[in-house]
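In the two complexes that follow, chain A is the common piece, with chain B as its partner first and chain C second.
Right after this comes the complex of A and B.
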């Protein structure tokens, strides 16, 4: 605990630099892994690498090949379908839960704890559990057969056209408590007088929420959407545990293609190109959001003088 | 205070007549209960299946109640100690230990760095401090895929390939981005005058840290520890790429036994292993309570 350069006694000059020196390892590490690693992967994506890194320049052919492969275009398409349904579904369920809890219910803490716990457990556990439930050999379908309904069919997870919706449902189950927590915090910040005024005007509760309360907390919805889009773009473990990208390529997402190209097929340049595309997708979500929040803050600052 | 007062006065369900009030209460609690069932059911179903014999599960699937006379805890013991995963028959205990050996040091180290960095970036002014904070924060958003190949190379050079130490290293460095962001945003609210007064009294960098910052830190330390512990314990991609065989963390082990479509399935034992993997973050979650939510809001919105 004793510091080597206690600045009340030590030389003035060195003690002045203590903060910088303590911060230096982090700065160096961040420079290497944030900037350096990004450039590194970027370079690999335009290099000659196949099974092993080969740093000679090759050009953008790997990107062209990537976008020419059906696997990748399907993965990107899946990301759009999964991403939009997942975000919308999570927001809707999260809002419903938040509004329900906002009705001055008893045992609020218990309800919240129940809805939020999926977020604490891993995507691997979540995916494994739901795979057992959705799979016709172990889950709902078998249970229905066992109960005597022999014609019952529930095999979305093995159906090429429907498997992606299984991922969506599981994703919503995992994240809606998170949306609930943030939206509820927003609801609690709404001015009570606003609601009372609407009540005096004779508006019903659902109408008040729709027309008055929820519109006032729209920045929270934007923030939650941005975070969920980030989750969606990075989705990997959940799909691995749930469907492994299948059946066929039905639930393949970009992150799975990256892993496959890099570590299963020995195409690390093309894998790096796919990783760069994930970074681009994230940037397309995050940069506008950062600009927008910066602009909002400046506006706030101007208003407060 | 004022907010709480308005909330007290305003009871949304107290509008309208008595009958309407009772119906709307009924709808609200009914809906809450239904959702609670949906959220709890999957884990409960899996938990019950850790007690059922295998032929029972194979016959009726996971969604069935255990029969009292065949219920047994031996599948838990098997999952922990003798279950075969990827060639070794030592159960999940080994991978569990790996996960703990990875998660605890990485959580402690990244939290310590985060406290120091957060303190420096919020209370000391120097050139480019804003840029540096931006750079560190950028790490929060980096997709793991961009760092896979470079990390593999660096770990190889450091002789940390296929080791828990390598995972601790990666998780510590990447985790510092989160912990620095959390701590910096928390310490910003400590009045600068407090620091100034201490400096006038002759306190230096470390003294201010020990005497002023650390005593005010417990809430943010709890948030950070919860966040890092759950995040690192639950992580899968790095564990799978940078380690193999007996050195993998629990998440990779689960995928290794349950993902392989071949061979005989041991659903009851696998269910027990899955529940075991969920227990540490769940304990942290239940104990952490409001701090968990606070971490979420901080991590998400700021």
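Right after this comes the complex of A and C.
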């Protein structure tokens, strides 16, 4: 017969292990699929692969070829322009919408649903509809012409310098409702006493939002930014439906190049090199952020200690 | 038409059954599984005919239809080959045949080809594609002509313009048409359609240059004065298009010409099938002629769909491949399949006056024969019949950029074209 004492230590051990056991499959999966396949891709990018994967070492020539191609340099540049404008634009529009709805407007539920709806629409449908809207032969320009304003011109989508902003606008339209929903939830969680205190001090409402409310919910902005960034980096179908990467290669994004190289042109190694460069772009953003949060934490720790 | 194809079907089946008994080993039961991308519409109907003929000849027919882009088919094929489970027959084309042949995974059809005399009846430009290293590994299903020009009958009649035969005449006609307030060229910009137009321009201006530059990827030819002149002509032609070319599909451009909104449309013969299906009529709404050539004579830029056979271990499937190849190359199949698809047979010995071919298709075959005898037949770069995908992709990027960006000069474009190809070597 077991002593009750023994039994309780045993169960305590089990309960200590439970969280680890529950987390283990996710951790293992992440190790294999994130780290494992990243390393696999890295190796493919310096291998001899062409039509079929070939694991013999070749060297860094694929990277050199990749950076020699105009389409890739344009695409990489677009990633940064599109990524930053898309994230900032979505945050700004999302915040404005959230603050407006936070004013206890009537039929709040309806407004919230309307603004959130675009997120429920797939990128392909979004891209196709906005292509119709932006295209001079079918959209706004045609409508203005039909109304009699014949000099009206709205052909951004056919202008190689402006077409990328069409993608940005469409992207912002698609995601700002999502940003709004998260930020609104944040605004609602802010302690009412804080706002009242500020009001007693005589601060105006815009000033209260700017100096008191929004700064207290900054972690939400960080979360939204991270989600939006990965949307931006994996953007593929939106551009394919909206502009097909055109005019010319003006709105090509890296994901399109990777897909083309790997699946269409039988250049698996060069495609893998392009995929690694996308990872580098992500690292360029995330490593400074990780360093900064680490530094913040240490500062906090020092202050408390 | 339905009745004719049925009788043809029956005749073929009889013929093939007779062949099958003669050639095949008695105990093996021919089986096949064909992977293709023709999942919808007239193409799916055309491929269903192949299945019917195959079954009627005593084979067991299975197919894997992968809809959408060719790259989807390629991705499936790649994973199957890596897994050691290559499909018996796959619809592949152009230099991809040579690439897969180089992996050593393709089957050898020489026996069947020799028994049926394929070398004598297949269009000569296709031989190098179907026999990358001297042995038959693929069977061509059809020939598409890329260098067609469709003219709007209404606009030509109104303005009293003859169909232009050279690029100089073409430019003169466009000046007239623009002066009359019409759009001269209907176009929807995309890398493949821009390159389709450029195929016709380079070929029409200098066919030797076309061969060197687009069939052999010769760097000096890509950088030559002839190429600069071709880009200058393309720049001129972009000026003859309207402002809405970006984001327009080829079907929309086709309709612009058919309804008399634009005068000319440069596109392959799949246009004929779509236009006729949409209710437009040859010689009433549109006229089909070859795109302008400056050197006189008949020109033909070809594109061809084909089926590649992969090595099999199961004798049933090996036997099945022979039977499939025989059916694909039979005149009866080539007729029924191509009537449905708008193209012409890959065999030059088929009579198109029967079976329901349109006038444009019949003219296509005449011109094909003429260009074979004149030595002017070439393969299409834009439609992936010449150089490896990596060179083709690099070329198409430069061409489509040139169409989109009028700040690029023809000299710069020719240099970029050569540089882009050189980079991939």
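Keep this in mind: the second predicted complex is superposed on the first by the 243 of 305 C-alpha atoms of A that agree within 3 Å, B and C clash if a C-alpha of one lies under 4 Å from a C-alpha of the other, contacts with A are read in each partner's own complex, and residues count from 1 in each chain.
Methods note: a residue touches a chain if its C-beta (ideal position, glycine included) is under 8 Å from a C-beta of that chain, and two chains touch if they have at least 3 such contacts.
A quick note: this is a predicted structure, and the numbers were derived from the prediction, not measured.
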{"item": "First (chain B), second (chain C), both or neither touched by A:92", "value": "neither"}
{"item": "Partner chain(s) touched by A:278 [first = chain B, second = chain C, both, neither]", "value": "first"}
{"item": "Touched partner set for A:146, first chain B, second chain C, both or neither", "value": "first"}
{"item": "Touched partner set for A:122, first chain B, second chain C, both or neither", "value": "first"}
{"item": "First, second, both or neither for A:65, with chain B first and chain C second", "value": "second"}
{"item": "First (chain B), second (chain C), both or neither touched by A:30", "value": "first"}
{"item": "Touching partner for A:249 - first (chain B), second (chain C), both, neither", "value": "second"}
{"item": "First, second, both or neither for A:264, with chain B first and chain C second", "value": "second"}
{"item": "First, second, both or neither for A:53, with chain B first and chain C second", "value": "both"}
{"item": "Footprint overlap on chain A, comparing chain B with chain C", "value": "53, 131, 137, 244, 259, 263"}
{"item": "Footprint of chain C on chain A - complex, ascending", "value": "50-53, 65, 68-71, 131, 135-137, 155, 157-158, 160, 163, 243-244, 246-250, 259-260, 263-267"}
{"item": "Touching residues on chain C, where the partner in the complex is chain A", "value": "69-72, 74-75, 78, 81-82, 96, 99-100, 103, 189-190, 243-248, 388-390, 392-394, 397, 400-405, 416, 420, 423-424"}
{"item": "For the chain A and chain B complex, residues of the former touching the latter", "value": "1, 3, 6-8, 15, 18-20, 22-23, 25-27, 29-31, 33-38, 40-41, 44, 53, 96-97, 100-105, 109, 111-125, 128-133, 137-143, 146, 173, 177-178, 181-182, 185, 188-189, 191-193, 195-196, 199, 205, 208, 220, 223-224, 227, 230, 233-234, 236-237, 240-241, 244, 255, 258-259, 262-263, 268, 271-272, 274-276, 278-279, 282, 286"}
{"item": "Residues of chain B touching chain A in the complex", "value": "3, 6-7, 9-13, 15, 24, 28-29, 31-32, 35-36, 38-40, 42-43, 45-46, 57, 59-64, 113, 116-117, 120-121, 124, 126, 132, 135-136, 138-139, 141-151, 153, 173-174, 176-177, 180, 202-207, 210, 230, 233-237, 241, 251, 254-255, 258-259, 267, 270-271, 274, 277-278, 281-282, 284-286, 289, 292-293, 296-297, 300-301"}
